[in-house]
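Two complexes follow with subunit A in common, the first pairing it with subunit B and the second with subunit C.
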Partner chain A sequence: MAPPIYSALIISLGLGTTMTFASTHWYLAWMGIEINTLAIIPLMAQNHIPRAIEATTKYFFVQATASATLLFAGISNAFLTGQWDITYTPYTLTSTLITLALAMKIGLAPLHSWMPEVMQGLNLLTGLILSTWQKLAPLYLIYQIQPNNPNIFIALGLLSIIVGGWGGFNQVQLRKILAYSSIAHLGWMILILSFSPPLALLTIIIYILMTFSLFSSFMLTRTTHINSLSTTWAKIPILTVSTPLILLSLGGLPPLTGFMPKWMILQELTKQSLCPLATMAALSSLFSLYFYLRLSYAMTLTMPPNNPAGTLPWRLNPRHNTLPLALTTTSTICLLPMTPAIMSLMPF
Partner chain B sequence: MLKILIPSILLLPSTWLTPQKYLWTTTLSYSLLIASASLMWLATPSETGWSFLNCLMASDPISTPLLVLTCWLLPLMVLASQNHLMLEPINRQRTFISLLISLQIFLILAFSATELIMFYIMFEATLIPTLIIITRWGNQMERLNAGTYFLFYTLAGSLPLLIALLLLQNSTGTLSFFTIPYLPSTCSTPWAHKMWWTACLLAFLIKMPLYGAHLWLPKAHVEAPIAGSMILAAVLLKLGGYGMMRILIILDPLTKELSYPFIILALWGVIMTGSICLRQTDLKALIAYSSVSHMGLVAAGILIQTPWAFTGALILMIAHGLTSSALFCLANTNYERTHSRTMILARGLQTLLPLTAVWWFIATLANLALPPLPNLMGELMIITSLFNWSMWTLILTGLGTLITAGYSLYMFLMTQHGQLPHHLISLNPPHSREHLLLTLHLMPLLLLILKPELIWGWNA
Partner chain C sequence: MSLPNISRVSASGLLRSSCDLRWLLRSVAPLAAPRRALTHMGYRRPGQPREDRPPWWRVKFDLAKGLKGMKRHFKLLKEEFFAPFVGPMGKPIIEHMLEQNQVLWEFRGPHSLQEWTISCDREIGGKSEIYLKVGRNNESCLLYGTLCSDPPKDGETRYSGYCTMRSKQPLASFDRKKYHDWSSFNTLHLRVRGDGRPWMINIVPETYYTHQKDDMYSYFLYTRGGPYWQDVKIPFSKFFLAHRGRIQDDQHPVWLDKINSIGFTLGDKADGPFQLEIDFIGVCKDYAHTEDFAYEKYKRNPEV
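Now for the complex of A and B:
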């Protein structure tokens, strides 16, 4: 893609999210989200293959529906309460409608069906933007509306954790697996959002670190299928050590960083006396651990059945910068002892 | 405490920086040095019971024997793995040794933890290196299934444990071992209290393993390479027992009734797994099921919470750790020569390998709890305290002892006595390394006859 167009789209992406962050009026918030959607559409379709166009079209329809619902709910709220402030949503009808519209925007269950399909059609970099940057603005808006009962968040959250785990069971395409992992992690964020928004912030930051390192590892080896994962040892051997650790961190195993958000969320839930919910959420995250484990089996712990000498590719220098991968991988593996320091930085 | 922990951590860089020629010698000698230094933990005459204290770590008479066993086991694992790793590229050898060292670090932190959440995190942290050892260096295709079973059985039990610990922290404000015995018990609704009690114990019962949740153990033990089997049998199972001992202090008023089903399961498991051993064809599976059987007795002992029972459980844990690890090393000597675990393919080995037959004999006698070995001391103390708790357990434990003797003798006679099979023409004689390995296993066991107070726990 020509550099001016590419940079215009990236800047528009930034502009959209920033506008939503800076807004207190429903129109401005909605505009920011629309700019985000419009900016990412050409990025999704950049390589012009039919599968990418299909993904773009599906993404556009879903996001347009959600945006229209969001605008409708914002206007209804203005009609009912007489003002356009996004923080004042006393009526259950409007706040539920806003929550569901934003849930469809980020792909929470039961409004998640578009997510794996769309992710599958994109190249890995756009998929990374979709699963990290595009979640920020809607999550911020969900936090802002401050509904009075957290039941809908708990329902959305628990269902997303279960669906995110169960849906990824049968997948061999890496991008679909990453989509389901995104759904599951978003479930954890929504679960805790009504009780402790700083913890939701912690969860999304840690999730962005982990997903960034995983996407970068896949981008380095250009793998999109479990079968191609198994030749990683011939391309970049060090990735066979780091990627399983990133995957197990995504699964939430101590002593890796991914355990930190789960631990803190479970602590907050037990403080709110929601122990059965906490148990169900914790055990449902074991589903996703199963397919992360399967990926690490394919990558590191087994040898591929083909002739290794015959499939030895040329090991050229990687084309893009590996410093972000190094930084995010280190933080994905080693950050758990920093938990007290990080928790003291959280504004409680 | 740091005198042992920091050298163990620094073994990791030394593994990666040592030249190839000296890798195994260096790791063996330094880990043996650390193991000898760790014996200092055994000298702990302290008023409060806790010694070698700092803010985060301490050792008391229960954790000291397990800590020493952990440190003792690293040089043994290095010795045992040397042969089958010799043919691999040097970096993979270094990775394997690094996994063993990281297991030792996590285990030292787990046994010396003074706070329950630290214990929990280290308990879970031992899963990752063990999983990698089993699935990467195991030899058969079933190792993938074994790794998955191992990880998921343990996690399914330990996630409820995490929630139970967080609940406890909310109501008491702290989870430190120093203050836990003096806290008032947490009262809530009866149903919730029962659930909380079960959640606290389930992880450790699965790890021990209790008979109903034991399916991961034969898979994991059989498919693991020798170092994996050794660390699993000798120490990782004892993590479950140690955790149970620590946490039962706070579970008290409910334990009188709620522990009944688990005691019954444990004792029934002793007999059932013993009977399974009598019909096994796979040597490592036999030793694995014998581990389940002994650990069932330990679990029953810990659950009745009398002083003799705790002492017996601790002694049996240490003695069984050494014995079971020795048996796995012996099974590995068979495996390295015949590349098969089937018992009928390697019969009558006393004719071919008479020196190994001596070790088989001593290890088998230890397994069936021959006096004056500590195995008998542990078993007898548990059986006696169980008899005091209820006379009818004597039927189960007595039968269990009989079946244990039966399958241990079966294992010995099957592998050592009788005629050699016709296809075994010659086998490599036992290496000095293997003799050293078995000496280092069985000599501590024999020495413990002379001073069992070291492993008596709180009754010392």
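Now for the complex of A and C:
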């Protein structure tokens, strides 16, 4: 893609999200989300291969449907309440419709079916943008609407954790695994949103750090299938050490950073006397942990069935910038001891 | 021939007779057109028998067959439900990761022919013939017949002369489409014994748009005519994209995670008998083959 066009699309992506962040009017928020969607469409379709075009089309249909529903809900809210303020959604119907539209936008269960197929058709960089940046604007709106009844958030969250774990159980394609991982992590975030919005913010920030580092690792090693993970040790040995730690961090194991949001969420749910919910969420995340462990096992504890020394491709690219990967990997692995400091910074 | 009288009906009359649409339709139906079957969609080739039976006459209702079918589908559903507990695609993960070869079709008896379908230009009015049977000692399958390039005399077909054998679409429970996932492998491995003719191997992946339904990825299979078996290994990077037999400018490698079928086609315009014996068809992972795609990707609008 020509650099000016690429730059314009990236700037539009940033503009759309920023516009939504800065808005208090439903129209402006919706416009920001639409700009986001339309800016990423050419980025997804820049490889003119059938699977990428299929992923782009599916993504467009889903996002357009969700945007239309969101706009309809916003207009209905304005009609019923007389004002366009995002934070004022007293009617259950409109707030539920808005929640479902935004859930569809970010791929929460049961509106998640599009996500694995779309991710599978994209390259890893576009998949990274889809998993991280594209979630911010809808999550901000969900954060703002504050529905009266948190049950819908609990239902969406728990279902997403279960579906995200169960769906990735049988996958061998890394991009689909990452899609299901995204669904599960967003489930954790939505679960706690109505009880403690700052914790939800913490969850999404840590999720973005972990996902960025994992995607970057896979981009460096050019792996998209679980089988090709076993040859990573011959390509970039240090990644064979760090990537399993990133995966275990995503699984929420202490003493890695990923344990922090899960720990805090379970603590908050317990304080809210929702122990059964906390138990179910913790048990459901074991499914996700299983496939993260499987990826770690494939990467570090298996040898490919032949001698790879003379036959494997060396894909080292000295010009590749590894600084973001280094920073995010360090954050993914080592931030747990800083939990008290981070909690004190959170605006509770 | 006089046109039928179309009576004018007042609005109130239309409202009264709105339940009886047959009256309305009868007045506008053409007289000279022959009555066509309700389900006869599209063009009927000259010489093909007219299908005038309604669909419920063509279905054989059989309770025993229905119960047997339901039992089969529920058995498949149960297998699909419990397969993830074993591992991806029903195999343990370690087996999935360590396997370098997988035999997909091994012709060892009449039951192995049920997964294949054969076709030739006889469907379009040509004169070729094709048959598929089990080989000697149930050790292979034999595809044989006669190729004839004479086009059918229907005034519109200009070319003819093809014979093909294609695998059927794999189906999950309740006839849902299932796909072959060959993403762990990079080479197609066949053991064949031909007659020296050049065949074409076609891989048909799952597509999304309607205009892509005739997309296939093809490569050539040159057979030796001798009595010895031939091991053919073709990397998937060699397969090129064709649409309805026409090679496309915009090429890209085949995506192996959703394959619908594989087929063999003969269309070398050499009239006469042919035969191809196949022992097995499999896929393998050749670690020495690191090529992503064999062809230069043609840029239709190159940057200046």
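One rule holds in what follows: the second predicted complex is superposed on the first by the 342 of 348 C-alpha atoms of A that agree within 3 Å, B and C clash if a C-alpha of one lies under 4 Å from a C-alpha of the other, contacts with A are read in each partner's own complex, and residues count from 1 in each chain.
The working rule: contacts are C-beta pairs under 8 Å (C-beta built on N, C-alpha and C of every residue); 3 or more make two chains touch, one makes a residue touch a chain.
As the structure is a prediction and not an experimental result, all values here were calculated from the model.
Annotation: superposed three-chain arrangement on subunit A; subunit B versus subunit C shows no clash, the two fitting side by side. Legend: residue contacts after superposition of the two complexes on their common chain; A:T57 is shown touching subunit C, with no touch to subunit B. By the touch criterion defined above, A:N227 reaches subunit C but does not reach subunit B.
In the superposition on chain A, no contact is made by A:I177 with either subunit B or subunit C. In the overlay built on the shared chain, the residue A:L122 is in contact with neither subunit B nor subunit C. Once chain A of one complex is fitted onto chain A of the other, the partner contacts of A:T302 extend to both subunit B and subunit C.
When the shared chain is aligned, subunit C comes close enough to touch A:I49, but subunit B does not. Angle at the C-alpha centre of subunit A formed with the centres of subunit B and subunit C, after superposition on chain A: 100°, rounded to the nearest 10. Of the two partner chains, subunit C is the only one touched by A:A2; subunit B is not. Remark: least CA distance from subunit B to subunit C after fitting both complexes onto chain A is 8 Å. Shared contact residues of subunit A with subunit B and subunit C: 297, 302.
Interface residues of subunit A, counted against subunit C in their complex, comprise 2, 48-51, 53-54, 57-58, 120, 169-173, 225-227, 230, 294, 297-298, 302, 304-306, 308, 311-313.
Subunit B makes touch with subunit A in their complex at residues 95, 106, 120-122, 124-125, 127-128, 132, 135-136, 144, 147-148, 151-152, 155-156, 159-160, 162-163, 166-167, 169-170, 192, 195, 199.
Those residues of subunit C that touch subunit A in the complex are listed here as 83-84, 87-89, 93-94, 96-98, 100, 181, 183-184, 207-209, 212, 215, 250, 252, 255, 257, 285, 287-288, 290, 303.
Across the interface of their complex, subunit B is touched by residues 241, 244, 248, 253-256, 259, 263, 266-267, 270-271, 275, 278-279, 282-283, 286, 289-290, 293, 297, 300-302, 336 of subunit A.
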